[in-house]
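Paired with chain B in one complex and with chain C in the other, chain A is shared by the two complexes that follow.
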Partner chain A sequence: MNESCKILVERRGDVAVFWTDGYINNQGGEEIARQAYAQLETGARALVLNLEKTRIVNSIGISILIEVLEKVMDRKGVLAFCALTPTIDKTFRIMGLAQYAAIYPTQEEALRAVAAAG
Partner chain B sequence: MTRASTVSARTLAGFWRQLSAAGRAGEERPLPGRLADAAVLWSGARAAAVYLREKDGWVRGADAGGFDPSFQMPEPCPESAGFVGDALWIPLASEGEVHGQLVLFGVSAEEGADVAAFLGFVLGSQLAAHRLSRQVKGAEFEVRTRLLELESLYDLGLSLGGQLDLSALADEVLFRSISLTDAGKGTLVLFDDGGQILYERNLGGEILARDRFVSWRIPDGEAVINNAAASVPTAGERLSGCEKCLAVSIAVPGRRLGFLAVADKESRDGSILDFTATDARLLSLFANQAAAAIETARLHRDAIEKERIERELELAAAIQREILPRFLPAVAGVELAAANIPARHIGGDYYDVFPLAGGRVAFLVADVSGKGVPAALLVSTVHAAVHLQIDEAKTIAELVSRIDRHLRRFAATRKFLTLFFGLLEPDTGVLRYVSAGHNPALLVRKSGQLDHLDSTGVPVGMLPNSTWREEVRAMDPGDLLCVYSDGLTEAVDGADEEYGLDRLTADVRERRALPLRQLSDEVLGRVNDFARGMPQYDDQTLLLVRRT
Partner chain C sequence: MARRETLRSGLEGSGAREVSLTIPVASDMEIVATAQVAAMGEYIQMPHDKIDEVKLALVEACINAFEHAHTRDDRVHLTFRVGRDEEDGPDYLEVEVFDQGKGFDHSIVEVPTPEKTFSGGKKRGWGLQIIRSLMDSVAITSGEWGTRILMRKYK
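== the complex of A and B ==
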């Protein structure tokens, strides 16, 4: 795992897939938010965040992810997470992210689900 | 249009329409901005700004219309609605609490009071609701964060209890510690039993230089908070690359296992926050969980290592048992007895007796350096070399040289051994011997006179191209030769005193007339009595040869 969070984004039609690698803290969360808003501005309907290479998230990172989620919901879009470690999975469920964003074990399942929701 | 009719025409429904329109125009615009936009649209003002009451004072939250960005809020802030110059100041209040200030430009003095009354109430209510919503969200987030901390402690206890991989365990502790304290960086270091670094992991950057890990003495049982770590040492160490630090020692009673440190607590606005007593308590709980789990993992690892050693020792003992002769040969004109007591930690003693042509008898006692399987394997190699070479060598000095070369060629480990090799012709009483660095053998004459047979060369396998001198002695009938390993003379009692050569000499000399089996048993009994049951760490070997 990298110390600073690196984000890779790939656009697939109206779905943007994000791969994170590293600590989702203030800096990592801000970078995710910046790129997420850019995707929303250019018409992305659904965001899929693959956190396979992230093992650590702090509360600042979570609060930023909640802001991103609120923004996506304002636009009637969809946000999904996939490939979470058990610790992060539980963290997201406790912190309320899972109430409005679906969590999938794999990226394939997440992509199938957001495609069906479209 | 009269003043009353102008304002009354601007209905509440009209304001909501303006507010909705402002919302649609900019979906990303926060509420204060939308309120400023709606206020301009509804009142017909030229420009507006909304100021918010924050912790540190008034902050301009948003503006609209042709607002002059250089405009400054007057000091002190107006407490009631009214004009200051051409600016109409309107406190935005609800339930007696002022949440913000609206300033409008371009509103006529006639309309000012009504506009202020309406917007003060409506925008105040909006801001109050917005602020309350934020507070509820914040409180909910806080509650969830506390729940996450509790769940994390519970999960950590569960996962660490079953985690015996020290590295995975340490990662889990470090990641959760950084995450739950919102730290920007963290370090976890574990020490081995000797106080050396066993594991280290930094995340987010170095807190302390590596060469200071061992000497960083964080007090046991209490977390150290240093919110001025950039300028003030933390537990005696000046930290590098961090502004604020929280550190705890990982320890079990009587033993320091390592330390856990986190640094630079993040905030949403990018500033670095102070660590709190709550953070310290949380990190201490993690450190306690970690200490218990690390100790469990260490004990498990030690148990596995102990089991491995036990298996190795059993194997070594089995090798040794197979090599030592089960029975001594009967040789005319010679009485023989031998005994070997293996130590708990297998050493490498070996003795053997060979009846040779012409009624001669050869015998040896060897003591290999080291213990365990390597020593047992070397004994096995020596055993093979002696049996292979004994018929080839013309003299025992040549035989020892051949054994030396054999070991250099075939032995898997670079070890050496001391060796006493004797050759007795019972008919003539001629005793030839080579002692390769071995303890002096005792030649006890029938009369009780003593002759020490000292070393005639260096230990076998120690130096290349070594040679050994062969010595000769005459053994008369009744003379007794006692060859032994140092496990016998170096047997210790509870006060760590050695049995020693003098006691051995005296005990053998006093019993020189006894049958050798009995003599052997009594001498070993004397050694055992001397040691008073203390565990011995080397094999004890005794070989007795008497010319009859």
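== the complex of A and C ==
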């Protein structure tokens, strides 16, 4: 049985957009991190994570996303989330992720914001 | 609407409805268990966002049991209940997570904070905090016999 998250990444200039589909646990989080670090290594300045097709992110997955955020911040980059369910949004706020990363209702708003921050 | 009327009659007639499930300590079994939360939540027509909150609380409770309890039977025992405190009160969905592990003293578990998490320090240990934040009531009892987490969310 494999409940792991599927991840699609598209590079748009210096912005990498991630689409997740499924449960983000330790394996899903690590795969996002692996692909995020690869994007940073090849010059991405901003990462936009669209979680529209993810309904559950557990605390281990969030802890890995926090590590990704810290790496992006170290590089003076930008990390933005969009299309979160109310429960994921709430959990990100509980764990403090929302204090350091921007959260937008839609991908379009996230992309506009990271472009403006560039 | 007809389904709703049938449900009200059922809950009023005989109190809580209960379903039990035992899952092995194995990867992704916590997600299998969330299907029962969805079914019971839909049974009382709980809003989907609230069902999602119960699902995540269950996932966190299962992960804690998987990682820390060292269960004697290599299983986690789950009970799902829907019911109502008073005749005219709101319906609730209750989940009991029981493991026959080594137990722990939840009163001395360090409360995580975003500041500690983001200062390069410990990023794990958020499970109980998330459960308490998402559910309306949480009761934890633990000892050498194991740990029982009883958590309830009102519709």
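A few comments on the model shown:
Criterion: the second predicted complex is superposed on the first by the 116 of 118 C-alpha atoms of A that agree within 3 Å, B and C clash if a C-alpha of one lies under 4 Å from a C-alpha of the other, contacts with A are read in each partner's own complex, and residues count from 1 in each chain.
Rule of thumb we're sticking to: a contact is a pair of C-beta atoms (placed from the backbone, for glycine too) under 8 Å apart; a residue touches a chain by one contact, two chains touch by 3 or more.
Values in this document were obtained by computation on a predicted structure and should not be read as measured data.
Once the two complexes are overlaid on the shared chain, A:I94 sits against chain B and chain C alike. Within the superposed three-chain model, A:I60 lies in touch with chain B and with chain C [touch as defined at top]. In the superposed model, A:N25 lies in contact with both chain B and chain C.
Of the two partner chains placed by the overlay, only chain B lies in contact with A:R75; chain C stays clear of it. Comparing the two complexes, residues 3, 23, 25, 55-56, 58-60, 63, 66, 87, 90-91, 94-96 of chain A contact chain B in one case and chain C in the other. Residue ranges of chain B in contact with chain A, taken from their complex: 27-28, 140-141, 144-145, 147-148, 151-152, 155, 175-176, 178-180, 182-185, 203-205, 266-268, 270. On the side of chain C, the complex with chain A involves touching residues 28, 30-32, 34, 49, 52-53, 55-56, 59-60, 63, 112-115, 117-118, 120, 123-124, 126-127, 129-130, 133-134. Within the complex formed with chain B, the residues of chain A that make contact are 3, 23, 25-26, 55-60, 63-64, 66, 71, 74-75, 87, 90-91, 94-96.
Those residues of chain A that touch chain C in the shared complex are 1-3, 23, 25, 55-56, 58-60, 62-63, 66-67, 70, 85-87, 90-91, 94-97, 99-100.
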